[in-house]
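Shared between the two complexes below is chain A, which has chain B as its partner in the first and chain C in the second.
== the complex of A and B ==
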């Protein structure tokens, strides 16, 4: 790597039955066509086993996970997909962003457009983040969504097991769940949308180090995904 | 740049194998496993400018602690 190279490791979760397109570089302007220096994509099952992966031509604008992943993950319903990017910090002076399009094949449910969770890197010294920020939150809308919810967590570490706590808040009540994930493992944790008449208001994930984390909402009737959004660090 | 496989399991009793030395450990400070191994061997960790490794996005903190233990680093 040169001294101008930055590195970013992002992750999302693929499920069978969805059109899932990832825009490798979201930033666009009229004067510059911005590209990554390199990108490696890898696919993991829930136990953290690497199912496959390959370098991707960084000139590619959109990567079709719905074409790429089923070949590698034919035996699983869900897989974690990692995006290991190198970029020139003079071109992306903050960091590149991957965005994705997600739509259930053949469904009338509207598609979703979401930001791929950047997990490692992209926080250069100059931004000045100095506090531990391994506490992430998702706040739900106040209006009923008519959906059932879950949180998907993935451990991007190479060697370390992650021990995390997932908290769900229903008014003043807090429901805690412990989660342990080996390297590159992931898990989907169902979260009740209501508890004793009180609606789910927010979820939090606390861990020693940062995990890939998404909130997933599915229509009660069809199961189509209507919410797919990564958790956020609100306090730095 | 293509890194070697990121599969877990490329470790021995003394930590990550040397084949993983080119692999990036901290994506915020660009620290590689090999650079950390060498710094620990030479008693020079943390290297100048890398004092905040593991403290920025925190994503590498687990692997950093694992490698520091495996490479015999002791806080002074």
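== the complex of A and C ==
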């Protein structure tokens, strides 16, 4: 591994019962030179305890979390999975942005395809990391629908506890929740879809530094995930 | 190499690029497609955060025809407007462009079956305009190459596709130019099976590529397919997720870089 390598630490959240295929790089070309130099995958429970992990052959194109994680995380329903990648910046002059395919096994709901959260690294002047990227927002439809929402947050820091605030907006009313996450810990915060007759309009996450963050929407009837999306930074 | 040649070719052909924000749309019986317009990310943009924010949406169908325009005004930076896209036919696809001088947010497009919705966001890119000599040249070269199932590979994208018994990902391919765009897709799967298809997209047109129609059999386990798309003009794709009822069931949309 060269010290000139670029680095990217990204993260997602695994849940039992889903087919979850993570593309290790996006847009791998036919010549196959678009591959990482190295990749370490690690799995953590909600408290931040490392349940396991291993180096992954960077020639692998797609990693099947539904095969990898249950062996390591048999005791938990949800785990944070981190991807610690090193790459040649001449090959990935932007970053090895990667995506994943997520589908509830046996469900009627459609699979989702989502961008895996890039948390640390990348090429700073290209990913906007010189700006504040830890102040994020997400907007919801207001029509009453049979879905419930949550925000899942993970702290990828090795040593520091991260404090964050999650705000949910219902018209002019703002509901705040404080979150403190130890190193590698994560939490799923339920956000009510309605409050005193007013629909959820948007959420905001403010943190001292960048967290892994996704908005999660589930069908009320089945609990199937129908929304698994990144938030949007305010400051671009 | 291609990256260096393209700007020179664009200059030589006189191609203009107009910055454009666009989102995909899909219609199917029982599915509602709604754009959630907002300007929330302008909240902290000094000089741009005072409403109202007028915006308009232009909806193109698969044939590249403008089928509808929508005018919206957001009262302030925290306001949202839900625009239900009226499909020209029960089943169709295309894209909408969003115009608004002071709109700086990413916009959302949702697909709902009445109970829950899936969502993704649009992309701020550009639309290419080719002058008539360049259009003529591309038409001649494109027709010649099409006769042998090929296209001029001016733009290339690699995109994984998923194919299983109970779930799959299709591709909505969008021609973001004013020329006929011949987009060739070549799909390979582990074990060497190969499928190829040449799609002809009219200017500003779209094509929903059904992965099931490529002749690769679905198996119990979801297969990961490698897709390579080549087009003679600028194009982009959105991934369309489908469950066990395929395109007759609930769907999801997802942008890619």
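As a working rule, the second predicted complex is superposed on the first by the 212 of 236 C-alpha atoms of A that agree within 3 Å, B and C clash if a C-alpha of one lies under 4 Å from a C-alpha of the other, contacts with A are read in each partner's own complex, and residues count from 1 in each chain.
The definition used in the following text is that a contact is a pair of C-beta atoms (placed from the backbone, for glycine too) under 8 Å apart; a residue touches a chain by one contact, two chains touch by 3 or more.
Just so we're clear, the structure is a prediction, and the values are computed from it rather than from any experiment.
S.K.: Chain A superposed: clash or fit between chain B and chain C?
M.R.: Fit - chain B and chain C, as placed by superposing on chain A, sit side by side.
S.K.: For chain A, which side has the bigger count of touched residues, chain B or chain C?
M.R.: C
S.K.: For A:169, is the partner it touches chain B (first), chain C (second), both, or none of the two (neither)?
M.R.: So A:169 only meets chain C here.
S.K.: Scan A:70 for contacts with chain B and chain C and give back first, second, both or neither.
M.R.: Touch partners of A:70: none, neither chain B nor chain C.
S.K.: Once the shared chain is lined up, is A:145 touching chain B (first), chain C (second), both, or neither of them?
M.R.: second
S.K.: Which partner does A:17 contact after superposing on A: first (chain B), second (chain C), both, neither?
M.R.: neither
S.K.: Mind working out whether A:223 is in touch with chain B, chain C, both or neither, as first, second, both or neither?
M.R.: In the superposed model, A:223 contacts neither chain B nor chain C.
S.K.: Which holds for A:40: it touches chain B only (first), chain C only (second), both, or neither?
M.R.: first
S.K.: Output check: A:119 vs chain B and chain C. Expected answer is one of first, second, both, neither. What do you get?
M.R.: A:119 contacts chain B only, not chain C.
S.K.: Quick one: classify A:52 as touching chain B (first), chain C (second), both or neither.
M.R.: In the superposition, A:52 contacts neither chain B nor chain C.
S.K.: Would you give the minimum C-alpha distance from chain B to chain C, in Å, for the three-chain superposition?
M.R.: Minimum C-alpha separation, chain B to chain C, in the superposed model is 18 Å.
S.K.: Name the residues of chain A shared by its contacts with chain B and its contacts with chain C.
M.R.: none
S.K.: So in the complex, which bits of chain A are touching chain B?
M.R.: Touching chain B: residues 1, 5, 7-9, 37-38, 40, 42, 48, 50, 55, 82, 84, 86, 119-125, 129-130, 132-134, 156-162, 182-184, 208-210 of chain A.
S.K.: Could you list, by residue number, the parts of chain A that touch chain C in their complex?
M.R.: Counting only chain A, the residues touching chain C are 19, 21, 23, 26-30, 61-62, 94, 97, 99, 101, 103, 106-115, 137, 139-143, 145-147, 169, 201-202, 217-221, 226-227, 229, 232-236.
S.K.: Along chain B, where are the residues that touch chain A in the complex?
M.R.: 1-3, 5-8, 11, 16, 20, 23-24, 26-30, 52, 55-63, 65-67
S.K.: Along chain C, where are the residues that touch chain A in the complex?
M.R.: Interface residues on chain C, with respect to chain A: 34, 36, 38, 40-41, 43-44, 78, 80, 82, 104-106, 108, 110, 112, 114-121, 156-160, 162, 164, 166-169, 222, 224, 226, 228, 239, 241-245, 249-252, 254-257.
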